[in-house]
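Okay, so chain A shows up in both of these, paired with chain B first and chain C after.
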Partner chain A sequence: MSDIRIIGAAPVTRRRRRVPVGVAVAMGVLAVVVLAAAFGNLLFAEAMRQDVLASTLPPGSPGHPFGTDELGRDVLQMAVAGTASALVGPVVVAVGSMLLGVILGTLAGYEKGWLDTLISRWTDLLLAVPVLLAAIVVSGVMGGGYWVTVALLVVLFSPSDIRIVRAGVLEQSARPYIEAAQMLSLSRWRVMFRHILPNVTSLVVTNMMLNVAFALVAFSSLSFLGVGVAPGTADWGRQLTDGRAIMFQNPAAVFLPALLIVVVAVCVNLVGDWIGQRLSQVGEEVR
Partner chain B sequence: MLAARVLGVLGVLFVLSIIVFAMMYLAPGDIVKNLLGNRPANPDVVAAVREQYRLDDPVVVQYLTWLKGFVTGDFGESIRLQVPVAQAIGDRIAITAALCGLAFLVSVLVAVPLGVRSAVKAGGWVDRTGNALSILGLSAPTFAVGLVLLYLFAYYVPILPVYGGGDGGLDTLRHLVLPAITLALGLGAIIVKLTRTAMLRELESDYVTFARSRGLGERMVRRIALRNAAIPIVTGASLVLTFLVGGTVLAETTYALPGIGTLLQDSVLFKDIAVVQSLTLLVAVVIAVIALLADLAYLLLDPRVRRQMGAAS
Partner chain C sequence: MTVLVEGLTVIGPAGTMVEPVSAEIAPGATLALIGESGSGKTLTAKSIVGLLPRGFRAAGSVTVAGQALPVDRPGDDAAWRRARGRSVSLLLQDPFTSLTPVHRCGDQIAWTVEAAQGHRLPRAARRTAVEERLAEVNLPARVADAFPHELSGGMRQRVAIAAALASDPQLLIADEPTTALDASNQAEILDLLRRIQEDRRLSVILISHDLGVVRGRTDQVLVMRGGQVVERGATAAVLAAPEHPYTRALIEADPVVAARSGARIAAEEAAPSEVEPLLACGGVTKAFGVRTVLDQVDLTVAPGAIVGIVGESGSGKSTLARCIAGLEREDAGSIVLGGAALAPGRGSRTPDQMQIVFQDPYSSLNPMMSIGAILGEALGVAGRASSEVPGLLEMVGLPAEFARKRPAELSGGQRQRVAIARALAPGPRLLICDESVSALDVSVQADILALLARLREEIGIAILFISHDLAVVRMIADSVTVMWDGRVVESGPCHEVLEHPAHEYTRLLVAAATRENAVPAEGKD
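After this line comes the complex of A and B, so read on.
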């Protein structure tokens, strides 16, 4: 999905490096979320403990600002404790598909020939596979479990990375500095990964950020359909799914995790777009 | 060139059909038990199942029998619903088709003008609002949007039904409004981005500068540019399609619509393998056919290609 990118007009004047307000806010939000992911489980180690007496309290109840779910678990504590689980999968998927994309994309773009044809056909095939459908079927019918889903999503997210890296490498390898590197009879691996790769980094990083956002949405969608993480785990998608049953008694049980997912995805998108723009401008100046 | 494309599609479908067939063996547990489902496992029934799926024959024969069944419309029996798979799908296809069609219509009607306007006045307030909306549309999971709408319309403005598929006809259409809007938001976000990108590229091209310098009105210029921008928009159809497939499952589940999406989800959770196999392969076929049609449309839309084809024939 992350093939879509807004191509704006090239910046004519050299802008001062100031972080736009929206991006600064997004970065702040993400910093808080990362902190919550790192320490949330320690802070609210008891978040998943059930308490029948405090069942389904509405938001604003004393001691439970967002109320409790039907098992008496505090909604806010669960959300904080679930941050780590909600973020690990998407980040692993984005980084994994990036690595796959960098290796296969660089090989395809630099070596060309049959290897390029093979890799390109492979990406064509994968792009036609609906991510969600494949993930539902595989983790549902074959009962793969969480990490099989992660591995599957790494493969299904990789074609956009492969294509982007390949296009970048193709464009770079026609440039004089690559010819110069080849004339020095540097090894092909050195040319590929020491000389070309740094020049396509901006594309790779931007796409990785976008993939984090898409993967977050994909994971929560899978949880919603009942094929995500195991019940009883603190996780946004899981919490949201469980909260549906008591949506009208305590809407916060559904909408707090949903809001967190949307906010994090929006922030990652904003920061990703901004990093992409900045890196490409830096590249422009260096050249 | 077209023949090669069709052959390529058939090849992909062939590979996919093998994977989908293999699902029967990859599912955990005993294969006969999986195929029996809840039915009591007396020897007669087991023998019937072994006969039906030709489990005693070599795998290749099993595969070919299964594929022949699929091609001729005999998809096997659903162990969950106790009806032929073809009937289960046939009962639900209309509602899913209507949902997808409606969502597609709404998103195109809103997103294409928005994308064009964003590109024409790049940096203006329409552009910035459109951009913010499309980031939101891509970031918000379909079901999250659905749940928000469901909550609002169930609680505060109870003018539209939020549950089930209705009694057919106009009533069903009313039941489809909210799911379609839910689906259209994500879909529209993709289409806005595609349209804006394509339109910007066209507006920067030489022929637009030429048309303007010849004194063509801005409206005329935009019409020409949009017609040419339609090519990358249509070729982006595969993105739209893959989103639509996942989105339909989510939207139908959110609003408990009895469509193909909920059928797939229930069947997956029940491990109703015959249904899952048929649906997966059917979706693959539909996607392949539409992608092929998009390629054909590409030929029809590009005046240069049209000219070449005219000259060749």
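After this line comes the complex of A and C, so read on.
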């Protein structure tokens, strides 16, 4: 004899909106990493101090918990100092390619016709370009540099964004609420960016977070290959290259930056997935 | 062999969803579960086949031919695999999604046969078994080799029936088995079910919101509302003399009942007027590729008139509406509104000429916008301030505080009211309702029809009302146009078309609307 019954389409239960443990941990890790990126350069001078006498110390050495590299720089301090370089590029790449994706993808998906053909063939062309190889070639020709790499990756990452946004917009634009907006003779910009875009936000944001992780790995790979950051800069990928030579004297010189890359990439993915799920529930049926 | 349901209760995460239900169904008998969405009828059915959603559980007992079903253990797959099939089977509403698209129909039937017999069959025996099952539902053997998408909706539902019965169950639960089908297919499927049921001495629980389905084809009826059984009894007795006010309301709202008694929701049919028509379509033709969907269609709508267009899916009625609205471009023909010829497409149309209300209330409102924002935007198009939103909501019978809600918080009927309000905001002269009440429960449907009729009285708006159901159209329209295969086969004042249908297809529709050919429960071979 309960007095709770279902009446009409009234919501029966509210979804529990608790942050899962894994996601909470990932958020904590990312918070620490962001702090390190913001204030890590304060340790920079100290980290870059070379000390030939202390070169290639193993982990656990006094004052150097993760040992030192072959130039005697502290591995932990280098890693902390390298956080900014490792994080800023990928975030800029992900946001930049998202903006490109939203603008071009929405235009392609909504306007269709020749504009769609043009944009879609452009993405096909870009998708055929191997990212790392192109980055190496362009850096070689243009002299390289961090921001050249960033700009290049924005362009090379954009096709997946464009295609995902385009698919989402195509799906939405077939819905009756879009036709209702057309019946009101609303401007195409209003339909595209006020009606359709909010409904593909979850796709866009999830994909952007995934791209942060991809770009992080891409940047590290490029640094590892000697493209991107200049030698001597504190950077996780650079550390991998430099540490490779002394892998058996001080394994931490390789494994610490490698571990950081993996951990940050995983955390970004976890948080990204969760944010995407949350966003896709906005406006959805409460069941 | 009797099916015995005793004190079946469904408990969800928020408490009891269905209060104890008890029933006894003799072999060969049908129990109807009637109710609107949210009444608990589907939950009840799902609890009997062990398909309750996560977080739900059932109490009580269901016994099929002396064997108890594990209703209180919804997660116990092993127990359910034993119980399902042999004793109970489920037939779903939508034949377009209940069959796997990537497998041939014959295989889908064979799986169930093999699962029920517990072993794989040799090739020849398998084929014979499948062909027998297909013959039982009046399908030719070649259907076994067809994929679901190669079949029509009615044929697909027959395959689904064959698959549901392939395990030779004692109890079949049919959940809205004909709701997704055209009028002409509905009666056939229901009669087929009835015949098989008698041949096999099968007990059936038929779930429907449609009283027309229940009438003449079921023995007992349970009327459910808000998780409670409000009325029960022999079908004929309940329909003839309903005791509970809710049952009475349901019966009154049923378009078929109205079609039989001649009751209307709108005022009496307006006589054909001599004034210049508001909308005049002449020779409208449209093809998609090689398929002609509109062939020289003529249509006129007088100012303030309600004109119905009836036809089944594929008849071109929606395409005609979309051409008039400019959402599709006609290939040839003229569309004249208020004396001005309209070019194909949206370009030459303004929001104050006409607006559409679509079928699906769930996708016709932007889920990310509040009701206030949706209506404010529509008002802004006509240069009206969003301070008029409460007035607009009141006009369609919704309280002003709905402006703050999002579409997901509203029921289907409420959403359709919002869609009507949005359509009215720019002050159109013609309102096109494209199957606007088809997705709603009967009583909600009647409310929306009443709203449309009232709007016509109050603001004199003309309405083009498109539906597959003649019974609904005749409750509201002054005149009706019947479409079939892209052509107008008949048109005229509603009562004339209903009383003296000239075209064969119209006669079929009229029969479906009044269910005159419905087979009585007894006396069928």
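Keep in mind that, in the parts below, the second predicted complex is superposed on the first by the 263 of 287 C-alpha atoms of A that agree within 3 Å, B and C clash if a C-alpha of one lies under 4 Å from a C-alpha of the other, contacts with A are read in each partner's own complex, and residues count from 1 in each chain.
Criterion: a residue touches a chain if its C-beta (ideal position, glycine included) is under 8 Å from a C-beta of that chain, and two chains touch if they have at least 3 such contacts.
Note that the structure is predicted; figures quoted are calculated from it, not measured.
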### Message
Between chain B and chain C, whom does A:Glu179 touch in the aligned arrangement: first, second, both, or neither?
### Response
second
### Task
In the overlay, answer first, second, both or neither for which of chain B and chain C A:Pro251 touches.
first
### Message
If we overlay the two complexes on their shared chain A, which of chain B and chain C does A:Gly113 touch? Say first, second, both or neither.
### Response
neither
### Message
Per the contact definition in the header, classify A:Gly63: touching chain B only (first), chain C only (second), both, or neither.
### Response
neither
### Query
According to the contact criterion defined above, which of chain B and chain C contacts more residues of chain A?
B
### Query
After superposition on the shared chain, which partner residues are touched by A:Pro198: those of chain B (first), chain C (second), both, or neither?
second
### Message
Please report the chain A residues shared by its interface with chain B and its interface with chain C.
### Response
1, 3-9
### Query
What part of chain B is in contact with chain A in the complex they form?
12, 15, 23, 26-28, 122, 131, 135-136, 138-144, 147-148, 151, 154-155, 190, 193-194, 196-197, 200-201, 204, 236, 238-239, 241-243, 245-246, 249-250, 253, 264-265, 268-269, 271, 273, 276, 280, 283-284, 287-288, 291
## Note on the structure
Interface with chain C, chain A side, in the complex: residues 1-13, 175-177, 179-186, 195, 198-199, 282-286
#### Entry: Residue ranges of chain C in contact with chain A within the complex
12-17, 37-40, 226-228, 325, 327, 346, 349-351, 354-356, 358-360, 363-369, 377-378, 381, 406-412, 419, 422-423, 426
### Message
Show me the residue ranges of chain A that touch chain B in the complex, using the header's touch definition.
### Response
1, 3-9, 125, 127-133, 136-137, 140-143, 213-214, 217, 220-221, 224-227, 240, 244, 247-248, 251, 254-255, 258, 261-262, 265-266, 268-270
